[in-house]
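Below is one structure, written out as structure tokens; the observations come after it.
Should a chain be cited, it is by its letter among A, B, C and D, assigned in written order, with residues numbered from 1 in that chain.
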């Protein structure tokens, strides 16, 4: 059973469909969300650690500040299942709100 | 700034666009999510308490087991902002996954 | 049927009651230290135990139990703040808490109770033990110090299990929403 | 400029450093009990303090600090496991932890340290105090018992504040995902 991902983890995984370093992830997520999601450095660091442990992402060559991360195929499966879940939430929400608007 | 709602709280709020009692909420959420989201009785009870405190829902006449809940206009604002947020997540996810599929 | 059994770990007690149920022995009541069972169909019910908030009495506890029962769950026995629930298997999988954050807040409730008891016993053991260091004739303090130490040590096991469950859940919660 | 100041509460210290910064005094270092500031533009920087895991040394701590610095945050001072960070205001709002669950795990880290210190001091105070009850000539124990009791009482304040922050966050986390 797919568990809902937090918003931060979801966006970090999406960002890593291309290899990026930590700061690059924080910047692209802020851009994609139009400034809404500003990941903290501590939060991003902790999430990257967790995602590596779960083998959803892996590191490419590079040391320290230049370390780059990329999503694994297991990570991609998780993201795809999550998009399906989000679609379900979106469709149900739109349906109910729209029905309300018609009254 | 809108904070992401948990899946359970989101579905409980959607369910209360019509007045329902506790068990009615649990049943409709299971139906809408095609059996994926089965809310526990303890979880539902705790969420209803919290949502009442925040004034996102209110109780209608009725005592004990027959107590019915319904969403407030504040609750509706929260749900609408949440649907907007979920749409952003969905669109970004679909875009990235699709780009990947084209490779 | 009656069985003599003492559990230090609430998760193990729940597991054992469900194992008995899968063999057709349905939990009826627990009166320390005896568990009573009724004979029935194997695997007919799923059981869950819960520690209620506070002492398990008052309006809040009644309201909660009423709510749980309104969803088709039976209260088999309630002793102070300790409740045995069951639900017929035909109604599907039975969990009181379906997401990580409500599971965590429930485990925190158990943790608070165990750790308060442990700290109180440790303090009592130290006071009685320290007094003994200087005057060995105090037999009564010796007995109490031993008793407190024993209870403290006995509590370390459920406490360690609870901490372990907390840590696991927290690791999950950092990544998953529920 | 130097200022003499002692804080019992990490949130208040951070607030005070940011208040000084908004008046153009930028925190440079803290060497117990003196804070040093440089004169600069008012409200140029935002400051954050953090308690690192463990003792603040070793590979994990260095890796973390390196990561934080790679995002454009400066380490102003590091003393054991206590770090002062700052970021230029032109880079926008500065938070190390942006969601509720990572904020909670950080607060739990602080709570563990404060509560361990408090329990150790309480136990030491009780042992020394109990010994005193039976033999009042033990001056040294009397001093130590007093010292432990003082430290224990002093720790109750940050501990209570930490518990309060934990409770607030947990209430939020039950409803909001982050």
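Just so it is clear, contacts are C-beta pairs under 8 Å (C-beta built on N, C-alpha and C of every residue); 3 or more make two chains touch, one makes a residue touch a chain.
Since the model is a prediction, treat every value here as computed from it, not as a measurement.
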Margin query: Leaving subunit D out, what are the touching components among the remaining chains?
Written below: one piece
Check: Using each chain's Cα centroid, which is most distant from the centroid of subunit A?
Finding: C
Next item on the list: Indicate the whole-number Å distance between the mean C-alpha point of subunit A and the mean C-alpha point of subunit C.
Entry: 37
Item checked: Chain centre separation (subunit B, subunit C; CA means) in Å -> 31
Notebook entry, point to check: Hey, what residues on subunit A touch two or more of the other chains?
Noted result: 4, 6-7, 46-47
Margin query: Where in subunit C do residues touch at least two different other chains?
Written below: 101-102, 105, 174, 177-178
Next item on the list: Going by the contact rule at the top, pick out the subunit D residues touching subunit A in the complex.
Entry: 50, 63-64, 66-73, 92-93, 95-99, 101-102, 105-106, 177-178
Item checked: subunit A-touching residues of subunit B, taken from the complex the two chains share -> 1, 4, 6-7, 10-11, 14, 17, 32-34, 36, 76, 79-80, 82-83, 85-90, 92-94, 96-97, 99-100
Notebook entry, point to check: What residues on subunit C touch subunit D, complex-wise?
Noted result: 101-102, 105, 108, 119, 122-123, 126-127, 130-131, 133-135, 170, 173-174, 177
Item checked: Of all residues in subunit B, those that touch subunit C in their complex -> 4, 6-8, 21-23, 26, 37-47, 64-65
